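We call the chains A, B, C and D, going by the order they appear; numbering starts again at 1 in every chain.
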């Protein structure tokens, strides 16, 4: 339950930050999809630590091994197991965290829920858990590319008070990958980089907003009641560490409009299909894709791990002081981009397969 | 798939706006819960149309009938079927909608997905679908009350540009129910009522923001990876009609803070358990409840149905004009309150049961 | 959980023997399937009590009402709710069962599991629960007929010590429906009818064996590991009341053969596809259909309800005597045929849709 | 889907016979269960090849590695990943099988379903897939032992025409493990061993029947409608390779009795709880455990792999001759015992947890 995601394209992740390995099993992937370990590795490399000085310096190659489910370069239709060994697990660095609860981390809630916790590097609550998601999503994304032509682009749109100016209609992954911040507005990107480095020097951390656009989505993906496409995207993205908010289309700003201006008027499209003159719906109406680009935003809080001293309590319930010693990201957003894109890919691949099971008569 | 929700406390809804009935089956409700049809009816009455002039004048008693699962005033542990007959289904009023797609409704996406749609009153996409949710949630809520003392309060916090001032620590359901707008700030509530009536007169509609607080939540509810409590709340609430955004705790505003100010310092609590000095986490850390109040916000767009003339296309792909004739709400927020509380209750009841299946050694 | 079945073609049943109604919600049925209430009714009529003097004389019309999911004679792709009112619920006839446990019934286990039970006519454990299954399966069966040409025939093959001689390659539903016993061997059928009537006169009851054949199954249905087609059939059929055993293909008798004689040699088929010279596999190899007819057998125990006096205990744990007063079937097999065919249809429809979600590249 | 099993105690297996590894993820295991890699290994050793000359001589240590979910000797409540490397994968030995379909194997159905298959050693259809099941079940079994005292014993009761005489009330695992055949009747065991060796010499193979008894089962496990305990056991056991039949309690033989003799009369038990004078129900009534021992039988067909020459067709649809060259078991039953016990443990652990989520008021 706790580590399963998806209905037809289904994944189960495992692994703790300082255990032997992290990974994922993908079940329900259609057979005969051409995919290589290298393609999976390429996605993992985007979330790997140590890519620039903006992110944590933990030294991990994060090399994926395919244990099952591929044969002669293709998926077999059976479960695909992907494993990444944890290399740099200097567990001793976390001994001072064994008996206290870091503020705004999951230490206390893990202890309260399970009565036991692996305190080393956050254990299961570490962002290393997302390795399994990204690896699985590499396959989902290839499936979407081959089967539908769907294109997913996410980028850092805000860091703290710095806003980027990005045209969501033309932005590409290449533009996003062009700067260590993964903000495709060069001027804002440089300002963000400076702010992040300053935060690190201050023993502080920053949050921000990730924006995404999904193009070429087939019409009709998503279920009309509970498993609405936007509801499933909301869950998927709010299941990422450090997220605090989700918007689709006009989002909270849309509440300031009235129906007359918010409604997306239909117009006859070039191919005879209806198109919308505006896209306040964010590409989803009644929970189903309408053919327009799917657009949304996700809020990430400032990283909880900071090197400044903080008040907290220990496992005996006594007040103590804490200063983080481990390596960490002063701003998670640059490395969150691939996680956001991955979760979107997992949701869309799943709904695309679900639609195939409806389109049968 | 499309109409199922929940893992252990599981519901399946059914029904179209102008079919014979709407309803729900609840499966997985523990036995020996005392609950009456009257208690379920009381919740349904909160979402019933025709309660005030602010909401749609469709005349529906929405009387619930219990078909199974209760015996001598208690749940039996087997599936509970609840049905509400559709009384006022003047389907002819919708004939003019048969061959066109209303802007920002689900008409086109239903057609695209299924190749068939019940156009009468929106069919399955009608907000009448939420009757099943509210009826099921009446049981979930009773279960939470008896089993945990959880208290759920939602209210209208913003309508268009009007903001209420509400103290989330003290607000009660009685205060919310005290005004037809379901805004517990009397001054703002009156302004909202005026704005809603003006919108109706203008053939326009308004959106807004619902805020919620959940008190007395047991520590440790929610799963640490995908089924995070905030992720499941996000999905649940974004599955309601007309929602465009979700926030937990500090939400999007939290991205403007830094880690030093955003982190919720732990302090020794009265009972020896850690408490947080602030609550930017919104009562959830790492996806699990931490004992503080769960707080969040949901954005609702302006109602798509407006009586002003709009541009759209018909099923032949030709441009046409549309002016709505049916009864409708110029602002869904007052009736959305019970829907929001219901979805929260369904999520919490489910996670409470899931926790019982972990707490066994 | 307790009342849900299926992965993509998914049903949830509800209802007690003497509550207001029994029924089902079908979720995941593809849109645009032509189906009428009359077609569903025709299947229900096969399991209706009072069809002949061999079965219970409870007087129930078992008239189905469609509450949702059909529009202008077609499925809409959204959830289909079907309800049958309980007409003849003379609950008083069961007052003497309130405080004791009938042998080999579910009275004691319901009480032990739930701490509460609806004793009237067996409550949820009544065979009336299967009404929902049969109604839902009428839709599944139509889907299979339209989509695949699958043909399902089950029949009474043994009653107590009487064995029928039936050629499974040519037997048809018409032949089965030709005798009140639903045994298509006329001579054996008459003997069975006599034995059943004698058992009733003796205050006793009989069990027997149902055999089934499924023709025209597409190759490759079923999943290779847990959700093997035969495993899912086993679960489906063993979930019917009174079942004690299940066999696929050669079954228990196959254990008396050796590999040389048991193996089904492949031969080149007329269409170039491999065929098997024998069918000890029962049409399923490695959990997946191989194109040959699927064949199997199900054991049904003698009906637990008998009018002879029996020893039992009451709810106070004291030894008491019991003599059944209600109406009942001295042999469930004739009415079990449609239940067996229904469960097979539900499993096959589900796996057919699951296969559609794999066949996408 | 294809490789997932269980509702709350949930497993996902992976791995092909000649890929890098096989294994499993266990999700939903309660925290704080004491379990070591050694305890898991001890169960795996029971299914390991090469234990005696009765079974395949493939040389595999089948050493388990725990990748996640255990911390300081206890489960953490998060997903547990277990991996076993495939050591002796001499894939070249299978080259001659690449282009043909072995009779009564899954070669053809895999090809038909997926359009691709890993032919090396049966790929995913190899019995090595059950390693993941047995490893996961070692944890389930420990959970049952600690939480309930449930005791599961299975044994070889028949091989071909040789029947053992075993008292199911007193048989123990020690008695079963006392002979390489895993038949606890020494005389029959020796005859079985001779028959199996003779079959190997003859290039032939044998099937047989496994019997099981489960003692100390809490009353009330199992769900009353679809997820009946016997239905879930049927599915679990019929999902094992080579199974052809399943019986609970009186099974097919019970159809030869009448209601008067088949019904299990209740008598006042020592502790005031009802007991049954006989156990034709096999410990399950209405799908729920009644406190008596759960008893059943499973039919295993003769091994499909035999060294005698057989007729078959190749992938071009031409008739060819096949003689197996690989190592194989002439009779799977001795190694099937731990698989049977494992599947039973998985089902019971799951239902025990499900019951905990009902017993809350």
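Assume a residue touches a chain if its C-beta (ideal position, glycine included) is under 8 Å from a C-beta of that chain, and two chains touch if they have at least 3 such contacts.
From a predicted model like this one, the values you see are computed outputs, not experimental measurements.
Think of each touching pair as a link: the shortest run of links from subunit B to subunit D has 1 of them. Two chain pairs, B-C and A-B, are weighed by contacting C-beta pairs, with A-B ahead.
Each chain gets a centre from the mean of its Cα atoms; for subunit B and subunit C, those two points are 39 Å apart.
Note on chain placement: the centre of subunit A and the centre of subunit B lie 26 Å apart, centres being C-alpha means.
Residues of subunit B in contact with two or more other chains: 1-4, 8, 13, 28, 31-32, 77-79, 113-114, 124, 224-225, 354, 358. Across the complex, subunit D meets subunit B through its residues 8, 28, 30-33, 77-79, 143, 146-147, 224-225, 352-354, 356-361. Residue ranges on subunit B touching subunit A, taken from their complex, read 1-5, 7, 13, 101, 103-106, 108-110, 112-114, 124-125, 129, 158, 160-161, 199, 203-209, 219-228, 230-232, 234-236, 238-239, 241, 243-252, 254-260, 262-269, 272-274, 276-277, 280-282, 284-291, 297, 299-306, 308, 310-313, 317-319, 330, 354-355, 358.
Those residues of subunit C whose C-beta lies close enough to touch subunit B in the complex are 1-4, 8, 10, 12-16, 19-23, 25, 27-28, 31-32, 65-69, 71, 74, 76-81, 83, 113-118, 123-124.
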